[in-house]
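Input: a single structure, listed below in structure tokens.
Chain IDs A, B, C, D and E follow the sequence of writing; residue 1 opens each chain.
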Amino acid sequence: MLISCVAYENGRKLADIAKEEISEYVHRPGSFVWVALFEPTSEELSEMAAEFELHELAVEDARHGHQRPKIEEYGDSLFAVLHTVENTKTPAGEQDLLVGEVDIFVGSNYILSVRHRTQIGFAAVRARTEREPELLRHGAGYVLYALMDNVVDRYFPVLDQLEVALEQAEEQLFEDTATRRKIEHLYSLKRKLMTLKHVVTPLMESVGKLYGGRVPQLCVGAQEYFRDVYDHLTRINASIESIREMLTTAIQVNLALISLADSEVTKRLAAYGALITVPTLIAGVYGMNFEHMPELNWTWGYPFALAVMVAVDALLFVQFRKVKWI
Amino acid sequence: MLISCVAYENGRKLADIAKEEISEYVHRPGSFVWVALFEPTSEELSEMAAEFELHELAVEDARHGHQRPKIEEYGDSLFAVLHTVENTKTPAGEQDLLVGEVDIFVGSNYILSVRHRTQIGFAAVRARTEREPELLRHGAGYVLYALMDNVVDRYFPVLDQLEVALEQAEEQLFEDTATRRKIEHLYSLKRKLMTLKHVVTPLMESVGKLYGGRVPQLCVGAQEYFRDVYDHLTRINASIESIREMLTTAIQVNLALISLADSEVTKRLAAYGALITVPTLIAGVYGMNFEHMPELNWTWGYPFALAVMVAVDALLFVQFRKVKWI
Amino acid sequence: MLISCVAYENGRKLADIAKEEISEYVHRPGSFVWVALFEPTSEELSEMAAEFELHELAVEDARHGHQRPKIEEYGDSLFAVLHTVENTKTPAGEQDLLVGEVDIFVGSNYILSVRHRTQIGFAAVRARTEREPELLRHGAGYVLYALMDNVVDRYFPVLDQLEVALEQAEEQLFEDTATRRKIEHLYSLKRKLMTLKHVVTPLMESVGKLYGGRVPQLCVGAQEYFRDVYDHLTRINASIESIREMLTTAIQVNLALISLADSEVTKRLAAYGALITVPTLIAGVYGMNFEHMPELNWTWGYPFALAVMVAVDALLFVQFRKVKWI
Amino acid sequence: MLISCVAYENGRKLADIAKEEISEYVHRPGSFVWVALFEPTSEELSEMAAEFELHELAVEDARHGHQRPKIEEYGDSLFAVLHTVENTKTPAGEQDLLVGEVDIFVGSNYILSVRHRTQIGFAAVRARTEREPELLRHGAGYVLYALMDNVVDRYFPVLDQLEVALEQAEEQLFEDTATRRKIEHLYSLKRKLMTLKHVVTPLMESVGKLYGGRVPQLCVGAQEYFRDVYDHLTRINASIESIREMLTTAIQVNLALISLADSEVTKRLAAYGALITVPTLIAGVYGMNFEHMPELNWTWGYPFALAVMVAVDALLFVQFRKVKWI
Amino acid sequence: MLISCVAYENGRKLADIAKEEISEYVHRPGSFVWVALFEPTSEELSEMAAEFELHELAVEDARHGHQRPKIEEYGDSLFAVLHTVENTKTPAGEQDLLVGEVDIFVGSNYILSVRHRTQIGFAAVRARTEREPELLRHGAGYVLYALMDNVVDRYFPVLDQLEVALEQAEEQLFEDTATRRKIEHLYSLKRKLMTLKHVVTPLMESVGKLYGGRVPQLCVGAQEYFRDVYDHLTRINASIESIREMLTTAIQVNLALISLADSEVTKRLAAYGALITVPTLIAGVYGMNFEHMPELNWTWGYPFALAVMVAVDALLFVQFRKVKWI
């Protein structure tokens, strides 16, 4: 689906144009065309490929989707695949991460973005860039930066959520006893973290090539902007690694806590067991059939026996309390 | 066994030719010969080695098979070893991965593929390349790409299976109690993953040398195609790493779940134990032989004692239910 | 908040100047201006940005704070983000680490430091540099070094604390039995360590670019000083890695100790259990109702039975002591 | 001990020569001398060092043995240390790995091999190289290759053994219950693996410098052969890493299996315990001394009680079977 | 404290000289001065710094001590920090590692060594170098090598001790049951290993820069000697890594053994428990008060009951033995 198609010149919007006018503006020096597609049909894509002379392999990638994040040079043009991450609910009602995809084709006089499986568009990016004509004058390369910056900025709330979830998990870890739910929670946290990592790490590697050293012609002049994106990605990546390590430690620590709790339960059970078996022994003694057992004839023999049972149990109870078994 | 032997010129098939005609076509400028062998005898291989002047060490590798994936330059020619991965059944009826091998010798005017231990051939590749004469015109280097692309594409379904298997294992992990089978399943998943990793990682490293920087003469012009193969391999590799990490976590989490379940069993057993030992104690008390035990003479003493037992057990049962021990 | 604003020439302080005089001194050759801000308002920052012609992206970073440590070149100027680490108390009264931020803008004729969330200022740095005019003559680059050196020196006491805490944890590990508190302690140690690591590692990577190889113009001549800072960071980093590895081992070892203690508790309980159940068996035997049980008629039968019980228990006790179960 | 001393010219053996003749042949252009020593005395080594003008440090290394695998350049000559690995039996009769050492000095006109602690010699290498005069014509560098190739080829059977041992360990892991022996087996497998790794990894790093990039003069022309050796080492190394990872997983999985089996044993014991304690309770009830217990007077009271016990146990047994506790 | 101060020329000792004569000899071409200090006062160090024109930062490092191992260039001179490792006893009488420090300043005409916290001096190095005037002729750079070689050689016995300790720990691991002491031993082994690693790894990295590639002027000509030191450090480092991995495995395996032993104890206890509870059940049966229990009236009823108890226990015992529970 074609979302928008706009021509720019000298950092200012010229006009919304029709698909058919693209080729006209593309060949006008100093101007460029910005086209946005959402889950295009194969034909739409082929049309654009012909219009902008896109490389067959890049078009193939955009057609199939499900690429990993990357930035590739095809001659003077660039092909970037970015992943978006959004919060969503599973059919079962649990929170999950939805990974979408944005494929961007950039040449000196055009920029074409293709969104897949993502609800949020780039209207905000368009508005922002149009507010800053002095920057937009840098051309299509700057638009690429603005799009990437926008996508990367959307990773932060997801990361923050994971950090908050980790902190909650940590608090729970030491507060109550271990439960199946807690372990499940740690595991699902790890899963989400890996999802985010999969989105961030390859992109970071690719963006690293857009500043410093040899840089694609399109990005020259906007290098400091791409370094800024790279810096954001590095920050996210470092936090991911940190959460990952703490998660691993939390899982290990959780195991130790389970073993410890198990050991405490064993002691508690043994203590209560003793409170039952010791009087049973006493009862057994007075159940013996010896002819000469003086206590049996005492008037207060029975209450005495019961009292002994209670006394011994009371003693044991105090003792167990002291060593914290009960 | 010789599967096929075809001469090409200018991107178009000239003819199926006989083994004896190879040398004639090989020396014709602008044309190349494509030979496919399947588990050749040592003599067949020697014949081809003489025909194409292959390097002794490469021929030796192809003769013995069981090489690790690699791409080596011998002067102007290339020697590539690829592994194929197919699903198969063990004699015991379990699913397993079958690793086959494809050795490819490429020169400017020939390409020779040698398949070992793999059922699926390259007829599809031949058909595809012949449909695209404008690409086939690139020569033997492009055929090498087409073969590699085909082999790598076959890794994806295997990877998908492993991902599905992991997801199933994860679901089971938290659904039921731990079993020997589940652990065995996680372990065999790991094994298959390592098999796939062994196939993918070395190839990825080798393909990385076919584009960017200094590139073998044969691959010049087809670099973007090899980058595409590399990109696929990177994607597979990243997924393998991700599955690997989740598997490790799953095994750790499984241990925690086993410990937790063990702890729960202990509690349940202790609770049921109490339901038996407490009435035993009461019975023991009334089994004592004191002369003066008023209850013994009561008419309803016996039913009373039984009632006490039942009542105490009922109380305990409710109590244990409340703390979720039963 | 503007903390101070001083002009220097030839390594000597000229005067405390007003904000409005900055531009005058900045354009005087051989002199530079040193401005210190603490949690400035957005306007203060914009004012300075205009005064020193700071790059928009760097100003944006300083405005938002919460950057990761880094050193970036913008043309001939540098933008450094450092993190400070201070000990603090959580509302719950526990010791924690407070991470503050210092953003430093340096040009050939100015240096601007912006502190966030940190109580300790840089008065000491100012005093030290003014005491060493022959070094201060190196200009703004040397001031950058002095600030960095000061920030890095403050990491050492935090590191020492962590090392002491690890040693204490290790001693406790083998001294007493495992407790929930100990595990919690190891975990919080790990958390603090990761906090410090997050502060140190990215800075180390950045400082590495200020000496050796191509060096920003501002740092030329002070390279040995930056290498010294780098060396300190490397030392801290190596210690962090070492503590990290020992912590991991401590957590593993702790689990083994818990399992071991559990096993010992099981044995102890079983031993005490035997001391109860064996006499119970004896009592049971003499509680049987056979007509012909000679012992029952003995005068000393009852004391004898009791003596047997005590004797068997004494024997068992000695036996259990010998194998260290009790 | 001097094993052999032979002069070669133009790829063909000239003659077995005496130690005293070495210097004569060494200075004859186009010829080279190949000397093989086995655990030489210090004097023999000094003699050779003087003859071939070997570097003091290299000779010192060969004298002491126990070096790690490496290849060092001393001017135009090379000094290589290789480790051999052989199967051996410990005095206790267990299989173990014996690590031997081969030190090789190579110059343009000599090659000197010194074997330590290894039973198998290089007669086979000598025979092979003499059969291929066209290759031997490459000179001492080719002999170095042939020796290395031979040593590396001997690693494969050791590796295969470890792979077989791992497979056996895996099968046993899931077949029977865990035993001390199995754990010991996994551990000793790990030990052997580390031994092999210690032999392979440093050699791989060194051989990597003998082809591609700047190459020692001696190896020029034989680079493809050294790449082949490197390739073998890479293959072995990858397999070692793979075994290592599976071993780690196996040890983790083993722990989970032990915990699981422990949990199953607990359940089984509890079930059998119930089969004993429940009838004990019933017996206790009928051992009570109430005056009015109708069952006690029944003629069939006793058999009835026994029948109840058996019935309850039968019921429990069936129940436990159903939930797989017994 | 000044240990010694000697002037050398042309590889031969000229004379022991007084501190005041240093400047005279330092400026004499072809000669150099070798000064050794032990825990010098701040003044002694300042004196030397003035004499040899040492760099302020390096002197500062030597003054404070507690640096990490490193080799730094200051113009044409070098500053090296080495750590020594010696065996020592803790106040509690346990073996521990004592880490000392040697700071070495080297220029073309002087070498100054400063020892901290280490008992063993370098008299042996002085004696060795004076015995080899042809090597000492290389000048101060060669003395640096000799000192480093001596320090590094002292690491080997420490490493050997750790290897022996690991082997002992391994033997004990499988011989007896797990104990708190064994775990403590594994942990302290790990601690010592990390201490040694901390000493070795940074030095290895630094020495790697003294040979191959661009080399400090002072080390030119002695590069093969520094490569030899590097090689020793690499060997130590590889062994450390290997011990580290085996230690990790040993700790994991230990946990498995503890779990296994726990499981065996549980079985043994259950078996002995059965030997008590089963006769208790039998006694309970004959303790029932039924009027019609034929066995009770048998003359041999009581011995019969006892015999049944013994027989059942014997049967159980044999059974438990068979399944190895007892």
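Just a few scattered comments:
Here is the rule we go by: a contact is a pair of C-beta atoms (placed from the backbone, for glycine too) under 8 Å apart; a residue touches a chain by one contact, two chains touch by 3 or more.
Because the structure is a prediction, the values reported are computed rather than measured.
Considering the contact criterion stated above, no chain is in touch with chain C and with chain E alike. Fitting chain B to chain C on C-alpha positions gives a rotation angle of 145 degrees, to the nearest 5.
Chain D and chain E have Cα centroids lying 25 Å from one another.
If each chain is reduced to the centroid of its CA atoms, chain B and chain E end up 41 Å from each other.
Across the assembly, chain B contributes residues 252, 255, 259, 262, 266, 273, 277, 280, 284, 287-289, 293 that each touch 2 or more other chains. Around the closed ring of chain contacts, the path that opens at chain C and continues to chain E reads C, E, D, B, A. Those residues of chain B that touch chain D in the complex are listed here as 55, 57, 67-68, 70, 72, 74, 178-180, 183-184, 186-187, 190-191, 194, 197-198, 201-202, 248, 251-252, 254-255, 258-259, 261-262, 265-266, 269, 272-273, 276-277, 279-280, 283-284, 286-289, 293, 295-302, 305-306, 309. Chain contact summary for the complex, chain E toward chain D: residues 170, 173-174, 224-225, 227-228, 231, 234-235, 238, 242, 245-246, 249-250, 252-253, 255-257, 259-260, 262-263, 266-267, 270, 273-274, 277-278, 280-281, 284-285, 287-293.
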